[in-house]
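Should a chain be cited, it is by its letter among A, B, C and D, assigned in written order, with residues numbered from 1 in that chain.
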């Protein structure tokens, strides 16, 4: 499975004075997408992290095409684009009723508990 | 010193679709008040926490009297109301241009790294 | 219906350096509880707000009994305790696997677009 | 003036379970940088917005080089890179004690209250 979809309802606390979902909140949506994608594959990010396998965001680019509002029901699509030795690339799209609102790409680095870059384990690679 | 004042500028990201500072964000303001109060007394919450002395919020009551808006310059007053064996009580007030917007009270519990209640050290008590 | 239950998964972005769900984030959970409770009754908070019927939080008390962590699946119970002329009182409980983590009470005031207190409409009262 | 510097103290509520400033919070820091840059030039973003001149983020790329922690005192440098007809490009750097932690670039679009693209006024262009 190379793609995962997650429904997210925009919270009131996530809106801003312009009446829109504040642009800073999308990062947490993408993170939820990665968490649920991994769970759908039989993995568990919390357990991975407890075992010393951590992923930190090293780059995130977000393209804001159209705004979302309070109570909108969004569909977040998360895709794994590339699995490198120690890096993981994702793509994201957010749609509302079929309309594309947001596109994004991230690069995660695989690190140990001390933040040292480590190789992504075979088990993780094979799952994808 | 039993009272401390801190200026806080309301961020755009902290507002909501009603145009106001979202009510959930005040908790982080009160936390900033406690951090800066302790620093003004010569203490340092980060170092305390690294040494195994942690304070967790066990109760927080906030009275929202009038709303704040983006870019408002607020004055947060933080007071220590009571220091018990293992509990710490604070009071807070937020004013804008002399008008009282918010009042709050919190109870913190002193715990160790495992979350077990511990006695507040003499050194901390004497400082206040 | 005087009670509503909602499952909430704790997001990574909602945790803090102590490893717990940060105490300031519960306010947005309670707000989600109110939104979904109203939806389950056939109402819609966004439409209500667009029609000029707004509810603002005037008091919130939260009792933090035990911490929640990243990826915990919480069950939020929202209850309407009292409907006054212009005020609405709710109670909340958060459980994880049957263990009570958090209790809270809020008072909301019914206001118009200019923040003026208004009477809660009959239609809203009858629904509850 | 084409560059502005702002000190930002990392809040406890902004950290995550890894012990770091959560990557999603940088967007609000950059926004603060733009607000304070404009103020230093004699402008006021709130007044601009009230007058119908709004800027929305259309793209944001953040490079996370090294993490920040609770209570770190960061220095955010905000630069205007380019002023187009209806777009504004900024660059950002975050340092802690001279060490570069984060770099970012954003593109803002100038819109009216209905979200329609509008030309950036001469007065705004001349200021920079």
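Definition applied: a contact is a pair of C-beta atoms (placed from the backbone, for glycine too) under 8 Å apart; a residue touches a chain by one contact, two chains touch by 3 or more.
Since this is a predicted model, take the numbers as computed values, not measurements.
**Q** Assuming chain B simply isn't there, give the groups of remaining chains that still touch in a chain of contacts.
**A** Excluding chain B but keeping the rest fixed, the chains that touch end up as one piece.
**Q** Are the two sides of the chain A and chain B contact the same residues or different ones, given that same means over half of the numbers occur on both copies?
**A** same
**Q** Tell me which has more C-beta contacts between its two chains, C-D or A-D.
**A** Higher C-beta contact count between the two pairs: A-D.
**Q** How many angstrom lie between the centres of chain A and chain C, each centre taken as the mean Cα position?
**A** One centre to the other, that is 27 Å.
**Q** How far is the middle of chain C from the middle of chain D, if each middle is the mean of its Cα atoms, in Å?
**A** Their C-alpha centroids are separated by 32 Å.
**Q** Mind checking the centre-to-centre distance between chain A and chain D? Centres are C-alpha means, answer in whole Å.
**A** Those two chain centres are 23 Å apart.
**Q** Could you list which residues of chain A touch at least two other chains?
**A** Residue numbers touching two or more other chains: 12-13, 17, 20, 22, 24, 27-28, 31, 69-70.
**Q** Per the contact definition, I'd like the list of chain A residues that touch chain C in the complex.
**A** 9, 11-14, 27-28, 31-32, 35, 44-46, 69-71
**Q** State the interface residues of chain C toward chain B in the complex, per the touch definition above.
**A** 17-18, 20, 22-28, 31, 49, 54, 56-65, 67, 115
**Q** Spell out the residues on chain B that touch chain A in their complex, using ranges where they run on.
**A** It is residues 12-13, 15-17, 19-20, 22, 24, 69-70 of chain B that touch chain A.
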